[in-house]
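If you scroll down you'll find the structure; I have some questions about it.
Order of writing sets the labels: A, B, C, D and E. Residues in every chain begin at 1.
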Amino acid sequence: MAFFFQIFLAGIAAGCIYALVALGFTIIFKSSGVINFAQGELLLLGAYLVSAGVSQWHLNFFLALFIAIAITVAIAVAFERFALRRMIGRPAFSVLMLTIGLDTLLLTAVIAIWPDVLYAPAAPYSTTAGFDVGGVHITINDIWTIIVTGILCAALYAFFRYTRYGLAMRAAALDQEAALAVGINVGLVNTFSWAIAAAIATIGGFFLAAHLSGVNPGLGVIALVAFPAIILGGIDSVLGAVVGGLIIGIVQQLTAGYENTALIHLFGQSFTLTDKLGPSFDAIAPYLVMLVVLLIRPYGLFGKRKVERI
Amino acid sequence: MSADVSATPPAGVASRRAADVTTRLLGTSRRRVVLILALVAVAIFFSVANDDQFQIVNVTMIYAIAVLGLNVLSGYAGQISLGIAFFMGIGAYTATWLGGTPPTSPRAPVGLGLPFWIWLPAAGIVAALLGALIGPTALRLKGFYLGIVSLALVVIGVQIFKNAAFLTGGNSGRGMLPPAFGDTPINQQNDLFGIALSAGQQFFLVIAPILALAALFVANVMRTRAGRAFQAVRDHEVGAAIMGVNLFEAKMGAFILSSFLAGISGALFASYNVHVDPNTWDLTLSIAFVAAIIIGGIASVWGSLLGAIFVFALPKVLDVYSLVPATGIAGLPSGDVNTVIYGLLIIVFLLFEPAGFVGLIRRGRLLALRMSERNRKGGEPTPAAAGADPGGDAEIERTRLTAGSDA
Amino acid sequence: MATRTALTARVISAFAILGVLLAGCASNTGGGGGTIKTGPGVDASTKTITLGILTPLSGPVAAPIGIPLTHGIETYFKAVNANGGINGWQVKLVEKDTKYSPQDAVTAYNEIHNQVAMLGESLGTPPTVAIKDLAASDHMLVSAATLASSLAREKYLILVGTPYRLQVENAFDYIVNKLGDKSPKTGLIYQNDEYGQDGQTGYKEAVAAYGLKDVGQAAFAATDTTFTAQVAQMKAGGAKYVFLTTTPVATAGIIATGHALGYDPQWILQSPAFATALVAKQSPVAPLVSRAWVVSQGASWGDTSKPGMAQLLQDVQKYAPDQQPDGFFEFGYTEAKVTQAIIAKAISNNDLSRDGLFNAFESLKNVDLGGLLPPLNYGSSPDERVPSRDNTVYAIDPTQPTSVRDLSGDFTGSAAQASKF
Amino acid sequence: MSDTTTTPAQTRTQTNAQAPLLAVEGLTVRFAGVTALSDVSFAVQPGELFAVIGPNGAGKTSLFNVISRVYQPAAGRVIFDGQDMARLRTHQTARAGIARTFQNLGQFPFTTVLDYLLLGRHTRLRSGILLGGLYLGPARDEERANRAECLRILDLLGLARVRDLPLGVLPYGLQKRADLARALAMRPKLLLLDEPVAGMSLEESRDMAAVILDIKEQLGVTQILVEHDMAMVMGIADRVLVLDFGRVIAEGAPAAVQANPDVIKAYLGEELGEAPSADGASPAETAP
Amino acid sequence: MLAVQDIEVSYHGVITALRGVSIEVPDGATVALLGANGAGKTTLLRAVSGLLRIHDAAIVRGSILFDGQRISGLDATAVVRRGIVQVLEGRRLFAELTVDENLRTGAIAARDAAATRRAYDRVMDLFPVLRERRASVAGYLSGGEQQMLAIGRGLMASPRLLLLDEPSLGLAPFMVQQIGRIISEISASGTAVLLVEQNAQMALAAASYGYVLETGSVVLGGPAADLARDGSVRKFYLGLHQEKQLGSFATLRTTRPERRWTLE
């Protein structure tokens, strides 16, 4: 049982990181209808900047984090302002392609600036420490990941719920023209949502690097796993992003934990998942969960159906 | 236009038009001239190109077949898909199963060593059948949901390809034979009717006609009943249904045709590379195809070809005939500089022309049309001149894949 | 409509005929001459041999691996050419960027395969796997920077060093036979690809050969954000030794996760699982990784007791003065030495055609690498294609130039000796 | 073509003798708590030009959406040509013989006018992807025959010159007309016209009205007309149904409906509703 | 207060929707804009409120002055800040937000917290029913309540000019009359109203002045009372008494151009 809880806890921590990535997607999608394929590389850049800030530029961690957020936000905002703004009303596919272009540029830039295979992560706490509670070893890293994600979600909730800007963003997401008509600066709202997404990506990047104990060019692929999370939750739902992320994280870790040990008894045979489906089945488990959910709810757990009018 | 309504058409009009009722792909003499010039250019290329150039052109043509397929599904029928790589993989493995070397050891993957003309169509058919099997589930979904589910297909596909070692060779992949003229595989220097042909030339002779046929087929579909239904479904599902279009049938048709073309492309790809790696059929490949249809032009056969050139040939051209010094710029290797240039090209191009190359061409054509319209002073005003702008919203909107993107 | 189809058909057939006719004047075959038998990439008039180099020169793998390794090859042949070449033959390199992608490797191969005598380099398992069948159909020798044992069976591939599979077996031979720890609890964490599979094969053979108590073989995927599930399995099973067939990126995460979970077994790293960046000063995992072992082979950088290393340092000083100590540079340099031996043998056989080079390769015995690697042997059966079966287990030691310290000395374990390919 | 539309002569004689072509019985439609139609019943005779009017939001378009099986009614049924429509899916209504024009245009902005008509003939064509893609034999013949047919319709409606232009670039009036042509191309038994002259100038409206009358008299196609333009409805319809807030408030000949006080109230409000007599032109006088 | 001077508006750079339209809204007045579908009424409102841009339309000639200052060309947010708010046709509430939240969105552009509070109280006084339903999600309100909320939301920025687009659309007659009364109240409290309406009777009752638009041009303008008495307005907008036009349709049955329908 300790093993189960151990892995379950890891699933929650991993789920928090997925949730952070998924949140970035959802916030941008809701405000401007754009699927940002560059989200993964914004996270990558954020992770590198935090690491470089501490180990190359010898800054205090929080200063490094602040500078990293500032830079990724500046890039995201500039991209929104100077590229995406010109694409308003353009085909969604073309806009998507633009974000893929940004993705390529960011990745190439990161590799050019930081050519080594691996960089040390930075954290204000020991990323390799942990303590024991009833046979379950809890890592400091997991604790901080869960706490910070929780705080971020609560802060975002409060922001959307209680502030003028949050209200403006919700309104603009629901009906752009009506938002314009009441005087909401929809352009600013879009810029703002990119800024929030970039900031969240940087924080997600920091945690991801801390969990992997290294910053490397492959961190951006996490965005691929965030896709099932956002679809599972419903693409236009902030709550869905968080719930989807958690479900994906837990499913993935439980699969990884049991796929090559737990025996399945079927038709008089005993075998493990790995025996029948090959190693690393956990990599595709999130997609299977997503497929099952979509078969039952074609718009995700919290998504809304679009009505086509005639 | 009221004058028009009240006038009973002269008796001759209807019958004259009746004779002129087919939309001709080569309807105008100018188009015919363009086609002939293009063919001459192709023939000259064929004669003088070296292996480097054939390499780029042949691979691009193979990809172009799948780009056409994706354009059928996403461009014409409006169903966003990132799953094209999966169906290419299916085609490739069908081809290796039927056309691969018969195994010499018990651990080697299966292969029946059948000839080209069997495995190539079979690859398309198997991919199409699988499309027919998956379609009913996938096509329940719309827009980005469908897109992401098709992405799942690719991820799951790679896992299957990695583990079905009896067919795919597992992680290390497996070999495949190239088509053969007689007994000699065409990736060797070969004599055909007494003329020595290089490997590049022989592949060209195989691939180019297949691509031409695929393009002609798609163009034909799109100007007949099924293709009109695809496009109606893309533009407005409810409207299409009211006009009698069976949405399920139309979407499935597009899905199956698209899978078929992807399968053909995958099979050719496998035999061209003489090796198939399970990691080939991943998301990166699918995204490249999406890029190709966007940059080339949504819902256009020519756009598919141009898009394939931009996405698959241009980076190679940049690499081979690079303006960037081999030592790179500012410490960045030249390959990375080319990647940056390419990424910027995509962004700049889409900012300038969101409808892709086809949009560019159309825009040019309309400009010419409007100028000639202006010159024809006193002539009868056409509705295009009197009313709305043909080059305006409608053209740009063509590339809109609705997809719930207007949230 | 009928006329249209007919027209199209006519045009297409006309085009085909036209193309074929014009093709006649296009094809050309390279002419040879002289007494020595030559083939593509060999110019007897200028006594130049052209070698192809397929290597990642851009993308993420370029800076840490592709560029230094290629540098090693370049440096070696610069020195050879400056010293009069190989029996008077100069070596020319044609480099193509593969970006570590199989597709790009195939393209690059097709671009250069007619202008080179052999490939002096194909870097990485996936790109090499992608081109091996093409190379075989061209009778093209390929010196591959990979130690995947499945590739050792390939007729035209030249491996330089002991395959991954045997590395694992030798590591456990060290534990059981040298340290005398009989039937210990062991585990394996591997990445889900060709390389990981090779490690797993070796691990399974080792479990059988040495009576290890296997607690589990856990795979992970590139998209995993945490290694808790894999490490927790090892911990739950109580594995004392855990072998990692990973890349440095995952190595760091796995070892750190273990420590955070209160689990510090003896980690043993496959040679590619280690990189000096892991023990860099700022790295929080440096103290943890420093307790791990890595199984590899060859001379340590700066060990001038080995004549090969002394020569290398001299060549570096002369032809690549900016080069920092680097294992991949050393590997490329060593590979080039093997290539040089093949060419020299082919010249002495008076046959520089592709088949001549191949025959030279098959008959190479005891290639002396001056201690950079133990002498290598090649032959014609799959088992003989494994150039060596010996390894060294190193302790990780950041104070050394290449961050490793010899623990076991060079040896061949019993399982590795018996292993069949 | 194997059309079974009755000739004008037949319809005239059979109007009252036959069973209704379309019978709507006790139809109720609700969405999200709002009742769009409530217990609506009426019958349309073959060959009839039947109009449905009512203020905005009265449920007219909802009625069409139920008939063409876009909406599922909460209660009631629709019998068309002796067949319960509940058994059909949306696309099957077209094959059953119901065509419809759209109130809002712009759904198919890139389709050329001729292709739009051919799309309208979708149910009358047979060839699938394979035949179409090869463009051989039957597919080619069928395309030719149908193009010829569509071109005749375009000629009749004065759209021949714009046949190759995309709908999106046409002026509004021509788009409306092209839409009607498309519906007509299907050669339906029942034609649903959803605000065919909305947004048109008087002259364009007159042209459209003339076409509608031609369709009725020369082709004998039964039509249901939903329209705001009272003048046009009163001028050309055989019978008029008035909806207000989803309920039928009047049904009958135009003249009778115009005189109905409930109708006057719904349309004019009370104050102006009383005014007409002061102007001297009573509705009855203008009826034919 | 508002002076629209000879403006021409085109969509997508080509389709001309307004040609040379000039209207004026005096301080505190209610002005009605009548016209058929597609006459350009909504376009005129968009031109004033700065909403043309998202419809890919622009003013190509003429100018719009508000208190003598040029506002044509400003973006929508700036126009709201100047004191002009448009209430869109079809209410366009933020259906998933509550009544209170919808009202708060209306005040986002306003910077004066005290004024916002006053505006809120005024809305609640004007529409007591909204007070009861403050916490309800807007999408669940009835049609009339939604229209009130839409108007209330428009008033939250304390505008000096309110642009109302078809407020009676789809409402029951008694509700239409109530909306008419509310418009009068708003106007009486000092906010000018520019009202686009198909219900000419309600509009002319609420307004002091009116214009009639036809295919993008003003064809008639004058005091509301005069317009209400004007025969052509009565006929055109009530559709019942147009002898000439109705006659023209009626005669179609017997006299229309002959056309041979030769469809087989």
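Annotations
Just so we're on the same page, contacts are C-beta pairs under 8 Å (C-beta built on N, C-alpha and C of every residue); 3 or more make two chains touch, one makes a residue touch a chain.
Values in this document were obtained by computation on a predicted structure and should not be read as measured data.
The most centrally placed chain, judged by C-alpha centroids, is B.
The most distant chain from subunit E, with centres taken as the mean of CA atoms, is C. Centre to centre, using the average C-alpha position, subunit C and subunit E are separated by 75 Å.
Separating the CA-averaged centres of subunit B and subunit C is a span of 37 Å. Annotation: 44 Å between the Cα-based centres of subunit A and subunit E. Residue positions of subunit D with contacts to 2 or more other chains are 70, 102, 107, 135, 140, 144, 152, 156, 206, 210. The set of subunit E residues touching two or more other chains comprises 56, 257, 259-260, 262. Among the residues of subunit B, those touching two or more other chains are numbered 5-7, 14, 22, 162, 236, 238-239, 242, 336, 339, 387-389, 392-393, 397.
Across the interface of their complex, subunit E is touched by residues 88-89, 164, 167-168, 170-171, 174-185 of subunit A.
The touching residues of subunit D, when paired with subunit E in their complex, are 1, 3, 32-34, 55-57, 149, 152-153, 156, 172, 187, 198-199, 201-202, 205-206, 209-210, 213-215, 218-219, 228-232, 234-236, 245, 258, 264-269, 271-272, 275-276, 279, 281, 283, 286-288.
Listed in rising order, the residues of subunit E touching subunit D in the complex are 36-38, 139-140, 143, 169-173, 176-177, 198-199, 201-202, 205, 215, 231, 234, 238-243, 245-250, 252-253, 256-257, 259-264. Those residues of subunit D that touch subunit B in the complex are listed here as 68, 70, 89-95, 99-100, 102, 107-111, 115, 118-120, 122-123, 125-129, 131-135, 139-140, 142-144, 147-148, 151-152, 155-162, 165-166, 168-171, 173-174, 177, 182, 186, 203-204, 206-207, 210-211. Of all residues in subunit A, those touching subunit B in their complex are 29-30, 33, 35, 37, 83, 86-87, 89-94, 96-98, 100-102, 104-105, 108-109, 111-112, 173, 224, 227-228, 230-231, 235-236, 277-278, 280-281, 283-284, 287-288, 290-291, 294-295, 298-300, 306, 308-310.
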